[in-house]
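First chain written, first letter: the chains are A, B, C and D, and each begins at residue 1.
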Amino acid sequence: MAEIIEKLVTTDEIKADEYLVNMGPQHPSTHGVLRLLLKLEGEIVHNVDPHVGYIHSGIEKMTEALSYPQLIHLTDRMDYLSSHMNNEAVCLCIENALQVEVPERVKYIRTIFDELQRLASHQLWWCASGMDLGALTAFFYGLRDREDILDIFEETCGARLTLNYSVPGGVMFDLHPNFQRRVKDFIKKFKKKIPEYDTLLTGNVIFQERSKGVGILSKEDAIAFGVTGPTGRASGFSCDIRKHHPYSAYPLVNFNEAMGSDGDTFTRWKVRMDEMWESISIIEQLIDNIPEGDYAVKMKGVIKLPEGEFYQRVETARGEFGVFIVSDGKKNPYRVKFRSPGFSNLFAINHIAKGWKIADLVAIMATFDLVIPDIDR
Amino acid sequence: MTNEQLIEHLSNAYPDAVAKIGIQYPEIIVGKEMLHAFMLKLKSDPTLAFDYLVCEGGVDYPTYMQVVYHLESTTHKHFLVVKCNTENRETPALDTVSDIWPTAEFHEREIFDLMGIVFNNHHDLRRLFLDDSWGFPLRKDYKDDIHVVER
Amino acid sequence: MALEKYDFTPITQSIHEGLISNMSPLLTTIVEWTIIGVIYLLFVAVFGLLLVYVERKVCAAFQQRMGPMRVGPWGLLQTIADFIKLLMKELITPKSVDKFLYNLAPFIVIIVPFLTISVIPFGPGLQALDFDIGIFFVTAVSSVGVIGVLLAGWASNNKYSLIGGMRSGAQIVSYELSVGMSLITMVILAGTMQVSQIVALQRDGWFLFKGHIPAIIAFFVFVIAGTAETNRGPFDLAEAESELTAGFHTEYSGIKFAFFFLAEYINLFIVSAMATIVFLGGWMPFHFGSWEGFNGVMDLIPGIIWFFAKVFGIIFLIMWFKWTFPRLRIDQILTLEWKYLLPINLFNILLMATVVLLGWHW
Amino acid sequence: MNSFFQYITEIFKGVWSLISGMRITAKYFFTPWKHVTQQYPENRDKLVMFDRFRGEVIMPHNENNEHKCTGCGICELNCPNGSIEIISKSIVTDEGKKKRILDKHIYHLSMCTFCNLCIKSCPSDAIIMGQKFEHAYWNRTSMTKVLNMPGSKIMEGIKE
């Protein structure tokens, strides 16, 4: 710590009115072990220096020693709120490399799971950012409704958070017989809850005062910093992989890309709220039409990718997730690189938080929806 | 531009670079001397306009190291993979592209941290995840007797 | 009059006479002070713990939870267990704090509610001090607490604490104004600052109804400003847990932390009690015009129960605020005060003066 | 004058948004029987996990203390974390043939990530996921379990 301060003092020089504050690694609003070294003047933020790596788990190194089906379960632990999307990304990458066509049923199941996962993630985001802004009750309402989705997950695949449901060539289990009924019940219930969420926070005058015009990220900056997902779309950067590079059953459904243009905290909030409606509509389009068939194609006992480099992009709840696999033809990958949305998003914070107050920084962080293992990997 | 046009355009403009259509995307391997000028051209040329650096990652090969850039143009929607090799594995160094795409600043810090590739002219090349005394864990010859158990 | 049934004056009077017949006047005074002190000490401790329990249960109900359920039936003994835990905890004094001020701050904070509580009439004859400037005393004394908060923030030698302390300073200095002004509005209506007289004047109708429009406006301003003054959500910037971890009391532990905690709840009680006294008729029962039967039934309920029922009503309202709204930002809090509450207040004083002058009140 | 009206409407709109928010919380406050929390250790008897719930790896035995595990070691190979160790021994069967059978199926619960790969890959369905989720132990050694019961045999008719 002393060295870092020394370095900052010598390189960046702290002016007489400025002081340094460590926000984190243990701080209620950093949602994990993220440390932001803030340079403040009074309450005004002058510089944000993110220090990451407190829970770096070396997943990229670990994958080099694992076979392809084995490494999927590690991606659960990166962005644990979009674990199924991460699983799917790796599976799609492997399937593309092997030129395996998965059954239609699998595509539908995967897409429904994606959207349920997105809803669960956005619910957690909604309640956690409500808590960041001081509305503690919101936290419990969000978690209460998220339980229903987790129950659906648990019934079908046995896990609530780290699903490990996608496997190369399909999914691990067939859908539970109750699945469709449960999803429909949930959607019916949840459609009544979102207006409640809106009344509680989105329409609230205090919340609007806190968020409108705060922390504006322009479209150019969003592209330059690689800010994707709802955060990027709020700035007008059309970056929805589901729309531009559709995978699984996304080509079959109609949905709008939730977009904003202002790029402030409120727009980021609104885009995510809109995205919940879009997810619901996608699920509604698919849930009744799941085709019969196999839930997985038979793969070889030992999966070996052909020599070469493969890149697969999917849209997680946070933005664009990329898997870059370099294969040398063996059963273990030569190198796996994960392009995680949180990593790129995080570093745009310094750019937009300058000149705002600490309370605004917390609001900005809340609407960036960071998951720290996603950054640290 | 379609992939073929893109490859043709690039190979005409840069005969030194090796351009081909890979398994998924058009790929181009550029020399490390021309990397920065080439990248600047990719960003600023209106017909190319690669303004979004999707991903930047390093790969450790037996005799050299490679940095792979995945680029996309948000206006033309075309995609390009740029690869650049270092001279050797002992003192790997490339020019930074963080002045072209700000997001590269942190990707390069990550690559420096985990693979030990130095990026020239990077204005803030500190280690990102690990502390300074740590080795470079993503290199293939990385040995850690304490944390890594080999079976 | 049925009210006199529950008057505590004869009891206190007889205690006083019993004491003074046996000892010198000076000693009597000292003994009486001690008794009152002990009673208030017990009251603050017990009521503070009770409020913590109530807050937990109320917030749990808002959040569809059950709240504490383990210690005792329905978790009734939970706060007592917590208090015992806090008593037994180590008092950590961080390195390089300003030791004297650091230790002084919790005491200043806890003294304020003790000073203020003395003028509050809990029921007929249950009032320790009856000044002719009671309201003025309350407004004057209640602003001392901010010194404790500022000291705690400064002396902790922690940047979060310092920011919290400074926020609290700016906030309380601003909102004192609104609290004072809304009380002044009612003083204009009452024509006195003596607390017992203000209560007595509301025998035939609470000031909230007597003073109609200006009184209602003043009531709302008072509740908002009072919430802000007690540092409760949505104005809990001084501790703002998602921004400043715990604000000014980050570095306090054990019983010193409990002092801050207790003071917050007793301040909540005092603000609610002041609102009750000035707007809702103190311990006076609810009377409706000329419905003699209804009024007679209301009179059967003792004044002290009326008082606490009203106080809990307002406490519930303030808790409701806290568990619904997001937190404001410091500049917005000041904007709310200086751009909205203060002009409304000034206008309201004018309105009230007009109403009183023209005799438009009941 | 216009700005004055704006000021007033702003106040009323703001207050209305606050009141409608308070109505939501009040709705839940006054329906306390709709609590969503459960009293966990008390409701243990009624608590039913979903049948696919991944609690721990177990090896079911039938009433004759027989299991289906052949000791082939595929689960050990498929486990990403090394939480399964198979120790096999060779015996001489009644017909005089040499045969490798399972000696100990060791399962390190502390290393398991419940990825389900071992169960999926098991050719004889010898191991399944159990429903127990209360995995707190005083001692780390209790988390290393031997899945086959002492003295257990392989079931008749299980193919090697």
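Note that in this section contacts are C-beta pairs under 8 Å (C-beta built on N, C-alpha and C of every residue); 3 or more make two chains touch, one makes a residue touch a chain.
Predicted, not measured: the structure shown is a model, and the values here were computed from it.
Asker: Name the most central chain, where centre means the mean of Cα atoms.
Answerer: A
Asker: Measuring between mean CA coordinates, which chain is farthest from chain D?
Answerer: When every chain centre is compared against chain D, the largest gap points to C.
Asker: If you average the CA atoms of chain A and of chain D, how many Å lie between those two points?
Answerer: Each chain's C-alpha centroid was found; their separation is 25 Å.
Asker: Could you work out how far the Cα centre of chain A sits from that of chain C, in whole Å?
Answerer: That pair's centroid distance is 45 Å.
Asker: What is the distance, in whole Å, between the centres of chain B and chain C, each centre taken as the mean of its C-alpha atoms?
Answerer: Measuring from centre to centre gives 64 Å for this pair.
Asker: Which residues does chain D have that touch at least 2 chains other than itself?
Answerer: Residues 18, 21, 24-25, 36.
Asker: In chain B, what residues contact two or more other chains?
Answerer: Where chain B is concerned, no single residue meets two or more other chains.
Asker: What are the residues of chain A that contact at least two other chains?
Answerer: Within chain A, residues 137, 144, 200-201, 204, 206 contact more than one other chain.
Asker: Name the touching chain pairs, please: which are they?
Answerer: So, checking each combination of chains, I get A-B, A-C, A-D, C-D as the touching pairs.
Asker: Quick one: which bits of chain B touch chain A in the complex? Just the residue numbers, please.
Answerer: Against chain A, chain B makes touches at 22-25, 51-55, 57-60, 68, 70, 74, 77, 81, 101-103, 105-107, 110, 114, 128-130, 137-138, 142.
Asker: Within the complex, which stretch of chain C touches chain D?
Answerer: 58, 61-66, 69, 320-321, 323-325, 340
Asker: Within the complex, which stretch of chain C touches chain A?
Answerer: 59, 62-65, 159-160, 163, 167, 233-234, 236-237, 240-245, 323-332
Asker: Going by the contact rule set out above, which residues of chain A touch chain D in the complex?
Answerer: Listed in rising order, the residues are 66, 69-74, 137, 144, 147, 151, 154-159, 162, 164, 167, 172-173, 176, 196, 199-201, 203-206.
Asker: Given the complex with chain C, which residues does chain A contribute to the contact?
Answerer: Residues 19, 21, 27-29, 40, 43, 130-141, 144, 200-201, 204, 206-207, 209-210, 357-360, 362 of chain A touch chain C in their complex.
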